[in-house]
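Taking it in order: structure first as structure tokens, then the write-up.
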């Protein structure tokens, strides 16, 4: 079980801030593929992966990051702090 | 008559902050030459002109600046504000 | 190092004075305050979303990078989240150093990284519409200045 | 534009808050505070001499240059003269702009010019000796960054 979190317009498009997902995905990219296959709103949210960033266990990561032992994955647009 | 002012170590070396000088010097450099001829302490203060800066009527100027109509000339080392 | 992530307003002047107090080895203090600007259509509110589990850690990492890179005596970073209106202060950084250039550069560096590497997202609601503020290509390019 | 030359201490925090207040078109405020540092031999006092007839005018010219060069909403400059001790604030600049980079660059510019073009001279008296602070070649070189 992995906690998957969504922020900003990714959260709005998918329609929820967080969910627990039972997955055997090996990498973030695999997880994205699983999510896209799930429902249209996921497919739409992940359509352009270059517009998204990902954090694995609360640290910025790449989409090919492995998921072994990972507890939390978050998807969001580029940050706009400051 | 020109008001001549000295600041920082120039003031200390000459031994006074300001004086009125009757001069027919055409430029700042001429005035410096007059002052150096006056007394040893002036000669010492103006020995290395590259270590000095000059303001004419309260604006930074060059040593070849003309003195016609000028009321105030100030000599000082490079500034160390901030 | 002092990092605060909060929804409440802060008093930039009081924080600057506290930050400055009691450092006799410091010659230079630089502060930056970010303020919500009004927009053409009239800003009703600026909502700042963040990632609570990650925010403080991410900012501390950025602050530690700055302290490793410049001779800094201290760093302060405050960033708000929640609903803000035009004229409100969003965030503040302050840097203290023996050297002026270190204090300036580190504050500039902190701002570049907070903009693109701390998990905050801004949504503007105007009288006409609501939209997420898009990151600028410039924001990412700005980081190259420091590599 | 607010330029003050004074012997009295100032409250940097209160000044920063006053400076920030009431600007809804401003997104960025940068402040710099300069503090008297202690020295190896133990600083007894730092005497700042200035040229009263010229100081305010010279600083106003520097501030006007900055406002002509960057899109600034406002500039504040305070510089003290007289006898100061370690830990005391010597001077402060603040810049307000819609744009972060303008606020940072203008504050940095103001500091470079105040250092080399405003008529102040510092004399340090330590437990052992008294001497005028020498201008650094760097100070003059720093001005080339802006030309």
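Letters A, B, C and D mark the chains as written, and numbering starts fresh at 1 in each.
Everything below uses one rule, namely that contacts are C-beta pairs under 8 Å (C-beta built on N, C-alpha and C of every residue); 3 or more make two chains touch, one makes a residue touch a chain.
Every value quoted in this text rests on a predicted model; they were computed, and no experiment measured them.
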From chain D, the most remote chain by mean C-alpha position: A
Where chain A and chain B are represented by their mean Cα positions, the distance between them in whole Å: 72
Rounded Å distance between chain B and chain D, as computed from the means of their C-alpha atoms: 26
Inter-chain centre distance, chain B versus chain C - centres from mean C-alpha coordinates, in Å: 49
Shared interface positions of chain C, touching two or more other chains: 34, 100, 111
Sequence positions of chain A contacting 2 or more other chains: 82
Pairs of chains satisfying the touch condition: A-C, B-D, C-D
Partner chain A, residues of chain C touching it in the complex: 34, 49, 51, 53-54, 57-58, 79, 90-91, 111, 114-123, 132-135, 139-140
Touching residues (chain side chain C, partner chain D) in the complex: 11-17, 20, 23-38, 86-87, 89, 98, 100, 103-104, 107-108, 111
Interfacial residue positions of chain A with respect to chain C in the complex: 5, 7-9, 11, 55, 58-60, 72, 74, 76-82
